[in-house]
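What follows is subunit A paired twice: with subunit B in the first complex and subunit C in the second.
The block that comes next holds the complex of A and B.
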């Protein structure tokens, strides 16, 4: 900076005036993404929220006016309560299993040397290339009454079991679909660790297990946290898996929304359920985020 | 037998030999420094002793036990890593306490020991902070406290003081030396600061491109460097190419660009090409005609306790260091004489290597 005082010195003509301008570059750079977000996410969301307050006439199928009856119906009806509880139970279970499987998987991956690491990373990511619908059908063929799993059970003398259309099946299939979303953030945060830190723990006589629990795990907690949020959010709003593997009876929230829109044609009701799911999801995720990250912000930055 | 013994240790990374055929014996309670330019294999050597890098060839013995393939967590060494490797999610106190916890020291005993270690490195007020809330030098001292607190039989220090200011560094050097004297900890320290290596080590190991080129007491390394590389790397030196003109049983005369100077090295043969090394502080400034050479002050630098002169003369520019005794220094451009005693001249056989590599001249 020059030695002259820009505040007091009058700007001579032709010279650039040292005025503090509003920085426009960030605006231009984030503009396209913001516009896209507004057009594709906020607008439909806003319209859905509006729709959820409309009245619905069963006789004519017409909508309009203003009412809170859909919300009241959802909140007071035990049928909906059960579906919400089931959705969050299944999602929480799928998330927990993803943590238990995905974190060690990411750790092992990070310890591999290169040809193998790339191969296994590809193996973990490859399922993402196949449509969720196809994978759900895969599970239903595998677990169906005539599928190979039941075939094996019969051959072992255990007998045929009803595997499809149960919560367990939905959880297993969700874990299968969601696992990459846990492995990737954890793997990324493992990449950022200084290997010397784990070595330091070993040098003080810590066993490998102690070093992992006391030194590695706390450092990758932010990665586990973001993985959990992604998995939970995607599971709670999952549609294809519960739709295809949960059958008619085992409904989750997303399948109920679908039913309201396309079977009952009660769009405002479907919209109200969707808005409540969004709100509940947000509250659960924010609370979880607060709880875990608040604890670690000061330490890990 | 020595306490820690490295025998023909080699570490290869693909085609690169990071450490080649290193043999070193360290006695119990000894303080040994590894000194050498960046990338010469100091850290790799230390990591092999620590057990984080497996030697390609060779054996390491500690207290009579072959530990070459032993697990790192069974060696019981105290280590300061070059990157500090603090536990970022633990407070300073917990970082230091971790080693004691692993040794199953009872909780009541841990606290006073951690506090003692922290006060040793002047960090008592920082016990509750997290590493990311500390400066580089403070982190380094946490690393040091963490290694000292477990009172290990062997301390491996990888540039443990590189980030401290001169005063603190001196204080820490003193502490290290004290601990080592009192407790008798065997210490291997990596450093590229030769002043540090000299002031606190019993012996200094000079490494060059993965190999050990000299193991000796600090003063012998300085006064009798075995290679021209060492004389250039360790301290400042004047290198003068010459030819032997006469040789007797006890000494010789060397001609430096037509000027004959006596040396006290025996066994030289007439006509041989040699390089003379004279440390700047061994040269004296005299009246213009009173020395072996005459010259002119090209430049002078005030170093506090000393003056450093660059003297232009018939042999090129020579460095001279004189103590600052309070008298008026020689002026720039003034004619001076240069004198030295034949006993301070070190003779290396063979021609001088390429011009001194500035990058390798570590100041200290």
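The block that comes next holds the complex of A and C.
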């Protein structure tokens, strides 16, 4: 360790250090982590991409050769089309509900004074750190046939409803898991907003609604958009929620990949679906990145 | 509190109930004396916690998860400290690529990482090995550690190090006595967030654990898909308890809002 400490870059204060010769120290320092990531991120992803083009023989379970049939199956087979459509529908719905709940909630939080603000921020964000299996299990109890929600429905005279294993339940649980990812970026953009601007609008005679629509909303729009992209991306690849609350029939992309790998043992097909999921996610995240960067450039420029 | 109207506060109360309800019901049902999932209406009982502690599979999975989280968090910090020093303090070819590579597990779905690792482990004949499972978890927790460390090192006054050097301290001494103490909140905060993320991880682990290395979330997932009894609630309540302790520690050493919201 000591030999690789930053003596090759003798930074004199107040000056960026131009290093002429090829620096060896940073390569030693980042080498171990780089090896780990080359071995366990780049290599496996490359192997999986290769695998997705292999043929699969159901009789022998062997894989090999080259084929595009798995990718073709995804765009032609009704089974896969339905699953991708359902995943898109559920993720879009969860994202929309997260906007409707998360944006006002972040606004309300930002208008609170401490200590309430810190306490409730913790209450909204901390469930993020509790295992998703626990949260899914909590929802299965809340919405189960003997659960309190059905208890309330019976008490109201509506009667017992079958809530579990429906798209609605999956959406509700996804909203619960994803809401913090919407609150965080909106909260962050609200922090940058000078409350005096809203006050000024009000003092010039704007109504409360006008002030929110014309002054606050444009400022937090980038936060809402980036939150939406994160929520959509995470929902589309969610595994535990549809796995535990969707039951056997209500499959989403992630649970289908799981089935292909661990029940059907058709790894190439599973790999093809996984590659498509990864590509979709990367496109969403790069869009997000570009948007955030563009936003900052505009702010600076 | 005064600037929010009654409608806003009512909405806020509903959101808070929505966020807490699934966690609260789990903790309540864990204390039921009944044989079925039900709220404890006839007094509290610890029988289901006892059942968990006498269930060899859950006990084994708990220790697996604990070791896995401790090892992967510790090793990830050991790799991330030098790597983030390299990325923040030097301009070198490939720096941007390395930075993106180290953060990439944040944008790759864990499901995709899981199937990819499964393929790799099958190719190299490492299926079911605990060591490779630790390495896989290091990959997914490293980005969280790096983010905190890069923030800690960037906001660091180099002149303190310069002063130590000019007073004759060796590089090793400067690192141990100056650099490390100054980035220590980032190191401990990073370790804790890495621990929590590893301990909770399900989606990647479910592909690469073997019967002897099954982690607690994977065991719970398998258990919940087959049968549901109050023991699940008791395990969940224990996990909520462990997470709460880790969260409080994290809040102490680093500030939870700083980790979750980031400092912009």
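Just so it is clear, the second predicted complex is superposed on the first by the 235 of 301 C-alpha atoms of A that agree within 3 Å, B and C clash if a C-alpha of one lies under 4 Å from a C-alpha of the other, contacts with A are read in each partner's own complex, and residues count from 1 in each chain.
By definition in this document, contacts are C-beta pairs under 8 Å (C-beta built on N, C-alpha and C of every residue); 3 or more make two chains touch, one makes a residue touch a chain.
Everything numeric here is computed off the predicted structure, so don't read it as measured data.
> Is A:210 touching anything from subunit B or subunit C once the two structures are fitted on A? First, second, both or neither.
A:210: touches subunit B, not subunit C.
> Considering only touches as defined above, state whether A:219 meets subunit B (first), subunit C (second), both or neither.
first
> Please work out whether A:199 is in contact with subunit B alone, subunit C alone, both, or neither, and reply first, second, both or neither.
First partner only.
> Which of the two partners, first being subunit B and second being subunit C, lies in contact with A:55: first, second, both, or neither?
Once the two structures are laid over each other on A, A:55 reaches no partner at all.
> So which one touches more of the residues on subunit A, subunit B or subunit C?
C
> Mind sorting out which residues of subunit A both subunit B and subunit C touch, each in its own complex?
Correct list for subunit A: none, the interfaces share no residue.
> Using the touch rule from the top, collect the residues of subunit A that touch subunit B in their complex.
It comes out as residues 194, 196-197, 199-208, 210-211, 214-215, 218-219, 296, 298-301.
> Quick check on the complex: what are the subunit A residues that touch subunit C?
1-2, 4-7, 9, 11-13, 18-19, 22-23, 25-30, 32-34, 36-37, 39-45, 47-48, 51, 101, 104-105, 108-109, 111-113, 116, 118, 120-142, 144, 146-148, 176, 179-180, 184, 187-188, 191-192, 233, 237, 239-240, 243-244, 254, 257-258, 261-262, 267, 270-271, 274-275, 277-278, 281-282, 285
> Of all residues in subunit C, which touch subunit A in the complex?
Against subunit A, the touching part of subunit C is residues 1-4, 8-9, 11-12, 15-16, 18-23, 25-26, 29, 36-39, 79-80, 82-83, 85-87, 89-93, 95, 98, 101-102, 104-105, 107-113, 115-120, 123, 135-136, 138-139, 142, 158-159, 162, 170-172, 174-175, 196, 199-200, 202-203, 206-207, 217, 220-221, 224-225, 228, 232-233, 236, 239-240, 243, 246-247, 251, 256-257, 260-262, 264.
> Help me check something: in the complex, which residues belonging to subunit B touch subunit A?
Touch list, subunit B to subunit A: 50-52, 71-79, 81, 83, 85-90, 98-99, 102-103, 130, 132, 146, 150.
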